[in-house]
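Just so it is clear, A, B, C and D label the chains in written order, and each chain counts residues from 1 on its own.
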Amino acid sequence: MNGVHDMGGMHGLGAIAPDPNEPLFHADWESRVLAMTLAVGAWGRWNIDMSRHARESIPGPDYLRMGYYEKWLVGLVELVVAAGLVTEREVASGRPADGSRLSPPLAADRVAFAIAAGGPATRDVDAPRPFPIGETVRARNLNPTGHTRLPRYARGRVGVIERDHGVHVFPDTNAHGLGEQPRRLYGVRFTARELWGEDANGRDSVHLDLWDAYLEPA
Amino acid sequence: MHDHDQAPGHGHEHGQDPPSELALRVKALETLLVEKGLVDPAALDAIIDTYAHKVGPRNGARVVARSWVDPDYRARLLKDATAAITELGYTGRQGEHMIAVENTTDVHNLVVCTLCSCYPWPVLGLPPTWYKSSPYRSRAVIDPRGVLAEFGLTLPADTEIRVWDSTAEVRYLVIPQRPAGTEHLDEDALTALVNRDSMIGVALAGEPT
Amino acid sequence: MNGVHDMGGMHGLGAIAPDPNEPLFHADWESRVLAMTLAVGAWGRWNIDMSRHARESIPGPDYLRMGYYEKWLVGLVELVVAAGLVTEREVASGRPADGSRLSPPLAADRVAFAIAAGGPATRDVDAPRPFPIGETVRARNLNPTGHTRLPRYARGRVGVIERDHGVHVFPDTNAHGLGEQPRRLYGVRFTARELWGEDANGRDSVHLDLWDAYLEPA
Amino acid sequence: MHDHDQAPGHGHEHGQDPPSELALRVKALETLLVEKGLVDPAALDAIIDTYAHKVGPRNGARVVARSWVDPDYRARLLKDATAAITELGYTGRQGEHMIAVENTTDVHNLVVCTLCSCYPWPVLGLPPTWYKSSPYRSRAVIDPRGVLAEFGLTLPADTEIRVWDSTAEVRYLVIPQRPAGTEHLDEDALTALVNRDSMIGVALAGEPT
């Protein structure tokens, strides 16, 4: 979807304003949102692409207004309700609808292991290798209403295949329950001038990781 | 210029004015999830403890310092960063597929995630607010030199800047240049010179932190 | 500038929600903002391109949150202060800094005439005619930080010259006090598939009015 | 889907809850401008009166109805809309450079301004809120059929849709098709069938308004 989350290349969003004394969390609730998101995720009811899509589906004006962990909170509520783990009524009331109590899949003593294990996105399957390293390719002009990881600023632009990252889960389907459909992922180099025009610095470049489905021969 | 000049995107994250309504919503959600048996509150504490005390930019600094003193390690890191970082025990969530990019006198690397806020958690911990903010995400790809200037870093016009937009599950770690005059320092001492921002690419190494 | 105001092609900004019983103004203050903007404009201290740029320079999160006349209000304050007609201190206090009183250039009995007269953007000057009707052109990939009327969604796209509108004031300079620099303005037709990809309806098209400086031979 | 589902961009414009802070800011600014002699309050009243009572979509409806009954006028309108509209006395601000685009059985036209809210004031008056809103401005060019569906208008897939994005000072007026069965009506009666939305292209003519 062409949402405001796809903001690469935009102007007018303010100063960066790094805070050298920034705490890891600005309030306890931020840390609880992070932890809840990871812990409920252990139920395996959604994947990372679904959770990204839940956050990027926040309406544009709210997305730009909210801080990071507020977006996570909204995304988490969206996910747990969509997965049927809780009901909207329960979220509104803050109380379980009945007395049944489940058993959390992630116990405290398994947290370190679960975080260290992670969840690779590579899949050990055969997949075509349509583009050799060094090949010139064009990012396709795709404008899906669903999830995609092809930023608008690269669409239609010509780049060069730099790396073959192997076969990775495809977010555009995985985010919508249409399966992992693993495809080959490439590191693609675009010159800054190709992306932004002749005023850009002639030496600079931007590198994106793009699935073969996003690319066509140039 | 405007009468609305508060830095956008930071509304609830600078903490001067804790948003009690948000805190209440979060507390209510946690209570609900715990009562339904969906999460174990002790597991939440353990997750927070992990990122507060165990996983952070000291991990990445160790990787960088090692690469400065051990040419074989540096070669392995550049060839297969995931494996080389695993050697030092830094693995897991948001670091499953790592690539290390090295700064040289001619090339400077900068990492961003324009679409969300992807970041190499096992080596750098949780990202700072500015990394997750609209201003950084929007401008890093179109105006990297202007962005670096906001961090106080002005590079020569003939330095090549490579911006890495983390659009997939591959995560990037910048290997900053070893500061001049540090030949006498050992790996532990060098680690203190590798600040977080230098591994994102918005700063140089050298300031002890 | 690549601001959120350049929103053609975006998703996620909500439902359109037309209100069939909508009043012309939802509150008196809206009508006063409209009227003040037109009346102070009669001082001739800025042009329409400057006023558009003042509004689009509102930071993105605020721009998306604000209603139309609130953006006009912010833009008007920006303009009167930048023009030196009032000071920021006077805006803040609501009181004139001294007792001097000017004479408004737009009297009530001249309003009907002024509105009916308008202000044409055409200029009776010679200007090159680089593209004949029917020519295939490409919109240039320009990403200026200043004002432009070349939307992002058309950049790099190929279209056909349909109309020659004559010679019009050039907003990209006029908005920044760099002169009107009148140039030829064309009506350009782009197919929906060229703009949005193969999933678009093959019959549909989008037509933009673009100055020659925005175009290059395809 | 979300707990923030209020239609965005309409925050202050639906008037259920007058934003007193805004009203106060506007009143303060007007007082200041009047006291400094920058504006004449009577001129403000005259401007508002003009758009409230004199300039509105009845002007455009007259143009369209005339074009339905007078083939010569229609030809002039399609050839030089600015001149043809001036014939009827509708000239001025935001209508200095007019183009009329005609709907046929094969072609439907839709007008938008993606970059701000350009609109042909002399023939249509001030634009409605939805025309100025982010949802309409963003989607009219990429999903015109979806937009029309939200207005209750579903066109056949083989109807060609032409979207006019008002990126310069040229303003567009859609000439809707004359409804079937109106052969007996005269120009005045036809005028009542030409609603505002049909001249933007989000509706057909035919509903008396």
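Definition applied: a residue touches a chain if its C-beta (ideal position, glycine included) is under 8 Å from a C-beta of that chain, and two chains touch if they have at least 3 such contacts.
The shown structure was predicted, so the numbers you read here are calculated from the model rather than taken from an experiment.
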Report summary line: Check: chain pair from A-D, B-C or C-D whose contacts match over half of those in A-B is C-D
**Report entry** Farthest-lying chain, centroid of Cα atoms versus that of chain A
**Finding:** D
Report summary line: When A-D and C-D are ranked by contacting C-beta pairs, first comes C-D
Requested in this report: List the centre-to-centre spacing of chain B and chain C in whole Å, with centres computed as mean CA coordinates.
Outcome: 40
Query raised in the report: What whole-number Å value describes the gap between the mean CA coordinates of chain C and chain D?
Result: 16
Query raised in the report: Distance-wise, how many Å sit between the C-alpha centres of chain B and chain D, to the nearest whole number?
Result: 50
Requested in this report: Mark out which residues of chain D touch at least two other chains, giving numbers and ranges.
Outcome: 8-9, 134, 142
Query raised in the report: Going by the touch rule set out above, which residues of chain A reach two or more other chains?
Result: 2, 9-11, 13-14, 56-61, 64-65, 77, 143, 195-196
Query raised in the report: Among all the chains shown, which pairs meet the touch rule set out at the top?
Result: A-B, A-C, A-D, B-C, C-D
Report summary line: Seen from chain B, its contact residues with chain A in the complex are 7-15, 18-19, 22-23, 25-33, 35-40, 42-48, 50-52, 54-55, 91-97, 99, 112, 114-117, 122, 125-126, 128-130, 132-142, 144-145, 147, 150-151, 157-170, 197, 202
Report summary line: chain A partner, complex, touching residues on chain D are 1-5, 8-9, 134, 142
Query raised in the report: Considering the complex alone, what residue numbers of chain A touch chain C?
Result: 1-4, 9-14, 56-61, 63-65, 140-145, 152, 156-157, 195-197, 199
Requested in this report: Please give the residue numbers of chain A that touch chain D in the complex, ascending.
Outcome: 2, 57-62, 74, 77-78, 143
Report summary line: Listed in rising order, chain C residues that touch chain D in their complex are 5-11, 13-19, 22-36, 38-40, 43, 48, 52, 55-56, 64-70, 73, 76-77, 80, 85-86, 90-91, 94-96, 100-104, 106-112, 114-122, 149-151, 153, 163, 165, 168-169, 171, 185, 187, 192, 195-196, 201, 203-211
